[in-house]
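These notes open a run of structures that come right after.
Below are two complexes that have chain A in common, paired first with chain B and then with chain C.
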Partner chain A sequence: MPPEASAAGLPATRRRMPSWLATAALLLPSYAWLTLAVLLPLAAMFAFSFLHATPLGNKPVVWTLEQYRAFYDQPYLLGVAWASLSIGLWTTGICAVVGFAAALALVRATAGRARETLLILVLLPFWTNGLVRVFSWTMVIREGGFLDVFVRWFWPSAPSLGFLYTTPAIVLGLVHGYLPYMVLTCYIALLSVDEAVIEAAQSLGARWWTVLFKILVPLAAPGLVTGAILIFVPVIGAFMEPRILGGRVGVTMGTVIEDQFTQAFNWPLGSALAFTMLAVVLAVFATFSGVLRRSATT
Partner chain B sequence: MLTKLRTNPGVYDVVLINSARSQQAAGEDLLTPLDLANYSNASGLAPALRDNAYLKTDGKLYGVSWVWGMNALAIRDGMDKPESYAALAAPEYKNNVALFDDAVTMIGVGAFLSGQDMNDPKDLDAVAEKLKAMKPNVKLLWSSEDQWNKAFSAGEFDLSVYWSGAAVRSQRKFQLPLHFVVPKEGAIGWLDSLSIPATSQNQEAAAKFINYMIDPKFYVEWATKIGAPASANEKAMEELPADDLNRDIHKPEYIETMTLMAPLPDDRRTAFNNLWQEVKAFYAA
Partner chain C sequence: MSGVDVTAVAKNYGATKVLTDITQNFESGTFTSLLGPSGSGKTTLLRIIAGFVAPDEGAVRIAGADVTGVPVHARNIGMVFQSYALFPHMSVAANVGFGLGRRGIRGKAAKAQVDEALEMVRLPGFGGRYPRQLSGGQQQRVALARAIVIRPDVLLLDEPLSALDRRLRQEMQVELLRIQRESGLTTIFVTHDQEEALTLSDKVAILDRGRIVQMGRPAEVYERPRTRFAAEFLGDANFLTGKVRGSAVEIAGATIMTEDRLPAEGATVTLAVRPEKIAIRPAETARSGAVENSLPATVSSVIYTGTALTYMLRSGDLHLKVFAQNSDGSPLAAGSAVVLSWSARHSVMVEG
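On to the complex of A and B.
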């Protein structure tokens, strides 16, 4: 029954709340919380980014725009930013392929209890501390680690496969950490795909790749995009995985910003870099969303 | 610590202050000037630490030097001990070096190598050049002792910038095969001192407590039963067992060659941090 019909069926004597009030009442708690927990700290950081030095002690407060010149004054930051973006793209890309495949398998090939169990197995890594997961990887992929031990069971003189302290190691750690987001968003998107559509395609002679790329991927696109955003944004700011798995190559915008807060005690520069990255990410999504909307309407 | 002193007058009777911060606290009139004649155990303090300029403001002493330590090199047993920090860039340690991820320490090493004052290098480009030359050797930038121990025991590097106190712990607790080496340029030193806040209500008791803290008897018990940093009291160090690792690593002659970290003005600290960040990005690229 459409909602208008049920509304019309109510007794005329019962007074109804104006719809805007109901909407406001429902939104208020979460927006109040967001204001308190996200917007206010963000605003404070935004204000910090215009300061000359961290406002602690009895130093005079000096307002300046110099922090936003960081990319100009320290051009090596451009290289760091590019490294972060490429790590973000690799991680998101691998998550998309692997996560979509896993979600597809869950939706199309399992049912009932088996599906529930498999879903829980996807979520299981979320219940362990991220730091523990990353440190476990260091034991696996370092030279002479579990990976090497395992390979040398079969081939005793195998060269070391250890790749700790490389960019692939960072991507591996990040994919491990963020894959469940992609599996879940794709899973939900694929659940809503009507079985009849696929059967229709197959009855018209579509092979599996046609079904996959012409039907499943476009219909699950909202899930893929949501997952990509959920993963890409935290990944380009990640600092734990690059630091632990990256060794010498683990310098990303995340670690640079973290250093400004923890080591250099230069909160203004850290905030300015963070907001510059935020602006870049928003710009990317603004461009991206335009393209998506156009492709959806045509 | 400074914020606590500023905002809680009268609450603290003794405060532990790093020597690089002592002048700042004394300059804000937060501390009481001290007379070492009132401290019977002060006679054993190493003169270079006891009379350190950073503990003095306007000629008056504001802190009793208590414990100290060094950042220098650690090398795996069985390898030649490096004579200079230049080994960090030497081709024989290709892909075999770990550096401490700390701007002040690493700029210090670069300053030593380019013959400059570690606390005020005038030519930061020369420092950067020396640090960047280490790139082919750098395997790892470590930031915690635990990380260092794991990587060293996995054989990931043989030569590293390391802390003297951590070197003692790595050998004692984990039996890691390493030697702590102070190269000819000397170590990068730190010194913690004990001071009495100007607002303390129990100045005499505070002085007695500080005297107890630098007492060799207390130190030997602390160092042998629990483990402690090196004492600024030479007598205390001499009373440690002859084979004590702590005593072996913190030799009195190193106090003479080490450069203590100085109070850094904000703009210099920022310049150090930015330079180290740039060098790290160069290593990663």
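On to the complex of A and C.
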């Protein structure tokens, strides 16, 4: 009975959709959206970076590479870049030390509900609006702010400790916002460390600092590196914290680029600076990808 | 005077008594197994000796020095864990050399000792590899080398073979024994595997609910168990409970002889008889009077395992188990009437 046989065979052949087609069908929506929403605007920005001036009104379109000479033509940008870099390094460094310590305490000294609650408290900065978070710091660290009020409770004639509109103020705001990344990545890395490994080190004569620097830090290195990348990359481009907490000293690559788009209306320069930074970021990734790949295989 | 002395050690977790009044000497150079079911406190006792757990009461002395208040890193112990616990980011040589580095031994001197230790565990030339490149058995050898290279006062083994498969485990038992004999280290070995304990140890300590119920040479503990728990946990046993009548015990109408000193007439006692000590014969061919004890019984089932046979039997209300060699290839059928016999010295009086 050929008709029946083919009818029975049909579902079987239909089920045998080629696997590449299934993969493509599943990936298509997200890739289409990424193309539309991210890659196209990014490509447009990349094109802008080779223009002489913002193509508005009836200005002629002139192609040039001059925007990429900005660091040479305007040497003050080197200072700005250095300021961004040092803010990035300080923020990442402080996050690494504080975040690793917090993750270690969460993993080693707590359990069950207490651990969950403390972890949620760590995540709180994520759930607060960034602008509110940053502005609330201005209340604390301005002259005569909460910090001064608090200190003068104990020492009425204390000089003001306010440090609003300084680089440390910017770093403080950034650390507050980005610390959870480091806590989480280190927490996950430390969770996978076998308790017996630490005990083995102790039984062989290791004191706590040997256990920390020879065992825990190396084993949590993938977490530290991941956290550092997650923090360093957005921090060197940050513009909100430098503007609000840095005042006049808060000139960073992020604020300069923002200014080009919103104030100076020099989109080509803004794009060129942004893509220069992207190149730096990719270089950072390339440098650390070896470390991350090594950790993925262990 | 080295070795390990545990004096009146007790440990409670909340209301749970984990260890109660443990006093025990682990002689220098001997291999002692702590044997018990999970929850018997054997691991806690080992961790108290190591220093990971502080006892609520009592004292621990290692090599003559009181270490009760001494932290782990200052105790000079070697420890091997069930999970191997190698440092995954260090080479085999760095793993083995870790303890030497903590003792200020570095460079050439350390390398020589690391090589010697790797030689001892039969892994020469493995120094440059990483733990993830080794098999489970090899990892455990490295862990052993790492623990013995520091010449510890005591070697503590926390179920080190239970993560290995059977064949590898037997191989490692032989290796472990050889290494212990060569190094002469006082060794305390925690296990729940009775066969492993009997094979490896100079002394076996049986733990039950936080107490050491019996400690002695393997044969001594096996042949003369002091309590019902010890008889049951180490090997198999038939328990016969009855009343003392004269110089024997009356059990289910039969008179059972023992060489143990019996309590007063009329007292209730329990005798333990190992299943392999009992001879089984068909009722019609049995000769009476050859051995002290004989008991008529009926075979209820036979478990055939090739080399050996396990008979489950009934004698009145008693249920008995007998191990027999499969010597003539024709096991007795279920329902057969048989006579069980054993000598008086194999009826061991036990507590409880």
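Please note the rule applied: the second predicted complex is superposed on the first by the 247 of 298 C-alpha atoms of A that agree within 3 Å, B and C clash if a C-alpha of one lies under 4 Å from a C-alpha of the other, contacts with A are read in each partner's own complex, and residues count from 1 in each chain.
What we mean here is this: contacts are C-beta pairs under 8 Å (C-beta built on N, C-alpha and C of every residue); 3 or more make two chains touch, one makes a residue touch a chain.
Quantities reported herein were computed from a predicted structural model and do not represent experimental measurements.
Both complexes share chain A, so when I overlay them there, do chain B and chain C fit or clash?
Chain B and chain C fit side by side in the superposed model.
With the two structures laid over each other on chain A, which partner does A:276 touch: chain B (first), chain C (second), both, or neither?
In the superposed model, A:276 contacts neither chain B nor chain C.
Regarding the shared-chain residue A:218, is it in contact with chain B (first), chain C (second), both, or neither?
Second partner only.
Quick one: is A:185 in contact with chain B, with chain C, with both, or with neither? Answer first, second, both or neither.
A:185: touches no partner chain.
Is A:248 touching the first partner chain B, the second partner chain C, both, or neither of them?
Touch status of A:248: first partner only.
By residue count, which of the two partners contacts chain A more extensively, chain B or chain C?
Partner touching more chain A residues in the overlay: B.
I'd like to know which partner A:67 touches here: chain B for first, chain C for second, both or neither.
So A:67 meets neither chain B nor chain C here.
Regarding the shared-chain residue A:92, is it in contact with chain B (first), chain C (second), both, or neither?
The answer is neither, since A:92 touches no partner chain.
Quick one: is A:49 in contact with chain B, with chain C, with both, or with neither? Answer first, second, both or neither.
neither
What is the minimum C-alpha distance, in Å, between chain B and chain C after the two complexes are superposed on chain A?
Superposed model gives a least chain B-chain C C-alpha distance of 44 Å.
Residues of chain C touching chain A in their complex?
Within the complex, chain C touches chain A at residues 50, 52, 71-79, 81-83, 85-89, 98-99, 102-103, 132, 143, 146-147, 150, 156.
With touch defined as at the start, can you tell me which chain A residues reach chain C in the complex?
It is residues 194, 196-197, 199-207, 210, 214-215, 218-219, 298 of chain A that touch chain C.
Can you check the complex and tell me which residues of chain A touch chain B?
53, 56-58, 74, 76-77, 79-80, 83, 138, 142-145, 164-165, 243-244, 246-251, 256, 259-260, 263-266
Any idea which chain B residues touch chain A in the complex?
Contact set of chain B toward chain A: 2-3, 6, 101-103, 138-141, 143, 147, 150, 154-156, 266, 269-270, 273-274, 277-278, 280-285.
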